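First the structure, then my questions, so here it is.
Letters A, B, C, D and E name the chains as they come in the text, with residue numbers starting at 1 for each one.
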Amino acid sequence: MSDIIVRVVTRLMIPYLQLYGLYIILYGHNSPGGGFAGGTVIASSLILYVLAFGIDDEDLRLSPSVARIIESCGALAYVGIGLGGILLGANFLSNKAAGFPLGIPGRVFSGGTIVLLTVSIGLKVASTMITLFTNIAEKEGEDES
Amino acid sequence: MMRVALEVVTLVVIGVLLLMVAQEMPSFGDPTNPVHNEVSRYYIENTEEEAGVQNVVAAIITDYRGFDTLGELTVLLTAIAGLLAVLRS
Amino acid sequence: MITAHIMPLTILLPLVGAYLILLVGSKHRSFARNFGLLTTGITFAMVCYITYLVSNQGKMAYYLGGWAPPLGIELRADPITAFLLLTFAGVSFFVLLFAYDILPGEINGKVITRYYALYLVLLGSLLGIVLSNDFFNIYVFLEISSIAAAALVAVNGDKLAMEASIKYLVMSTLGSGTVLMGIAGLYMVTGYLSLDFLAGALPQAYASHPLTVLMTLGMLTVGIAVKAALFPLHVWLPDAHGSAPTSSSAILSGLVVKVYIAVLLKLLYRVFPLDFLAALPLQGSLLVMATLGIFIGSIMAIRQRDIKKMLAYSTVAQIGYVFLGIGLFSEKAMLGAVYHVFSHAVMKSMLFLSAGLLIKYSGKRTIADLSGLGRVYPIPMIAFSVGALSMVGVPPLAGFMSKWYLGLGALEANQLLFLLVLLLSSLLNGFYYMPIVIGGFFKKETVEIRQEKIPLGAQISLLVLIAATFFFGLFSNIPISFLTPTVQGIFSAFGGGI
Amino acid sequence: MDNLFYAMIFIIFLTGFWIMLRQSNLIKKIIGMNIMESAIFLFLVAMGYVKEGSAPIATEANPGLAYVNPLPSALVLTGIVVSVSVTAFALGLTVRLYKHYGTMDVDEITRMRSEEL
Amino acid sequence: MTLVHFLLLLFLVVCAFFVGRTKDLISATIVFSAYSLTMALLWQQLASPDVAITEAAIGAGVTTLLLFAAISRTRRME
């Protein structure tokens, strides 16, 4: 794991991977992609980083408490946006019926709640995948989160 | 040995039955299949107007059938909670 | 506002509770305990309100996202659904009340918050399965319930429990894979996922693709039978339910197995027309498997020396009764099956909870070592005895009423053989339950018994469950008259049954 | 002849099913589970296909050609995430079991357990 | 059904069989990864790019990583 080539290439690749992941999330409603694929790409860039720079190094990892907060908040944000539909007088998870502005199809911020929901899915999936990987891969899980 | 033979026979029987069923299924790629009914046409025709996005699949997972996606996020959370509970216990 | 949106909010409440418990983190154990109990309590109250609304309105429907059925997902409540919801929310509330002080002694303190989160997710998924009227949505909730249930078995950290858990997970994934294949097949020939639309499009689909429809029916039935532990496919159940922590065993045996039966009920009585089912060998095979399950489950239970294993095998037998009621295809038998889902949920959770207490105080899991505990700990032993008598089918208890209706159903369907099955199996039940009850009160102690005070929450929940067993045995006419119109509706729609 | 597609999907499905049921190694079982589930997903996507159809995205439209059915794709997206969650949880259990028993073979674990009792 | 479909499906069947036969878990995982990528290609051919991207990221990426992680903590041979 101390191969210099691996480290340099990883350092070069990670920004592009993350940019690509963000693109997949933000353009998921207008082109192929979406929260799941984009979140996973971002997660795999971070997993790559951890793999290249030492899996047992605690400082490199996404801290468990941060991961926990992102995971729960992603799901809570999804429910919250859904409840927004109820507060605006329509049904749970309503979009147009609740009066969210749809915008022009093809733009990044179009589709009312769709883009917000996709972002919350992407965040949650990214942190979940990282947590799953680090917990299965690490030697001993003793840290209390 | 008997057991292996029995398994192979069972698998082959199920396989042959499934192949017979496959022969009878609506033919592959035919636009007149029952799957391509008014529901899928509705999604394709009205997504841009009703959900304001161009990708119909994205509109289905987050708008028309958003509740499934909530279930899916819950599955991920359950997997994490279960995994940590198992690994930390 | 609450009234209009009560159904999605009821499913969401436990899920959001679980998210919040996970957000707060595993350091705040007392928060998780109190908040979890509070959430299930409110869920129970909301379910009571749904039942009240259903008893006034007859039926409720809710379109998620405002999209009507063929496009979106629909939630639906009718009297049978409401009755099942009441069972699930009520029993899980009292199990959690029981666990309030017991659980911290049973599992590692580090995982308590996660245990509560998993428990709430499981409850939410059970409510979701019962309420949902969309087949794929049911599948998603099925998967949530199987992961959460497997995690609740393994949470102990005990290696036996972990082995049972992975077996359970593998079997239940096989089951849900088969179910998904069935759902895909149904979608292929009809083009719908909503149950009502499926039912409407099915006759035409059967005319053009009969083999495909038969294959999907077979796959769905087999998949659900694996998950519900119908007789030859029950191998995973005794280990999983026998080695889990007390409150997990209670909810798994009492509720989780039943929810798959709820799916089967939806499938058989809402999607596939009865006259179509009657023409297939499905009825015969369901009845044969149910009967075999009743007898073999009971015989295996007699042979067990470990009390939790014995209760787990008894569940296999009791699932047989429910499948018997479903397979008889008659009005009274159906009532009996639904009523047995309820009464078995109450009885079996009571048995598991009291057995858990007795094991905790005697320190032994074998049946012979429970002798004399009733004199030291009357409440758990009385709860165990009431549950056991109700299982055997002694008259004023809830278990008797469900067997009574099953028997009436057998008469109605002219299947007198099954009356004999019911009588014989009650005798068998007596064989393995009665020695424990008699020994518990009248024999001398064989082990040293710890003198401890039973926590208040555990006492209350056992007393409530005892009271429920008596109440629903004596006043069974209340739920029966609530359920009858719906059941009659199902059968009259197809020319008065078979 | 076109339905050979479905027939081959069923073969993959049965192979996955067989691996999951018969292989005693837990990792193998888990891979088998993934194979089985992705065969089901392929079945779903295949039934929504239209010959020479284009993807259900407005910008990819081919004039004069039909779109494929978008609903199975949406269901499959959900299904894939569900199956990765089950995989992760099962792998966690496997790792713990290996720590306790020193093996990932279910038959061997059952044998060791019955010897202990 | 075109020739491309047929060849990809055939490859999938071969991969699935190989996973069942091999004793080496690492090679089983690699074959599974190839299986997932082929699946992604096939989904692209069936005009479902969303599913293809997700399968490539999740099925071939994360699932394989998880399997490798689990094998690295246990052992390689069956």
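Keep in mind that, in the parts below, a contact is a pair of C-beta atoms (placed from the backbone, for glycine too) under 8 Å apart; a residue touches a chain by one contact, two chains touch by 3 or more.
Owing to the predicted nature of the structure, the values given are computational and were not obtained by experimental measurement.
Between B-E and A-E, more C-beta contact pairs are found at A-E.
For chain A, the chain with the farthest CA centroid is C. Ranking every chain by how far its Cα centroid lies from the centroid of chain E, the top place goes to C. If you average the Cα atoms of chain B and of chain C, the two centres end up 26 Å apart.
Spacing of chain A relative to chain B, judged by their CA centroids, is 23 angstrom. If you average the Cα atoms of chain B and of chain D, the two centres end up 10 Å apart. In this assembly, the C-alpha centroid of chain D lies 10 Å from the C-alpha centroid of chain E.
Multi-chain contact residues of chain B (touching two or more other chains): 18, 21, 25-26, 28-29, 33, 35-36, 39-40, 43, 48, 54-55, 57-58, 61, 63, 65-72, 74-80, 82-84, 86-88.
The set of chain E residues touching two or more other chains comprises 1, 48-51, 54, 58, 62, 66, 69-70, 73.
Within chain C, contacts with two or more other chains are made by residues 8, 15, 19, 22, 64-65, 110, 136, 140, 143, 147, 150-151, 154, 162, 165, 187-188. By the document's touch criterion, interfaces exist between A-B, A-C, A-D, A-E, B-C, B-D, B-E, C-D, D-E. The touching residues of chain B, counted against chain E in their complex, run 28-29, 55, 57-58.
Residues 28-34, 71-72, 74-75, 78-79, 82, 92-93, 95-96, 102-106, 110-114, 117-118, 121, 124-125, 128, 131-132, 135-136, 141-142, 145 of chain A are the ones that touch chain B when the two sit in their complex. If you check the complex, the residues on chain D that touch chain A are 55, 57-59, 77, 80-81, 88, 91-92, 95. Those residues of chain A that touch chain E in the shared complex are 24, 32-34, 36-37, 40-41, 43-44, 47, 129, 132-133, 136-137, 139. Residues of chain E that touch chain D in their complex: 1, 5-6, 9-10, 12-13, 16-17, 19-20, 25, 28-29, 32, 35-36, 39, 42-43, 46-51, 54-55, 58-59, 62-63, 66-67, 69-71, 73-75, 78.
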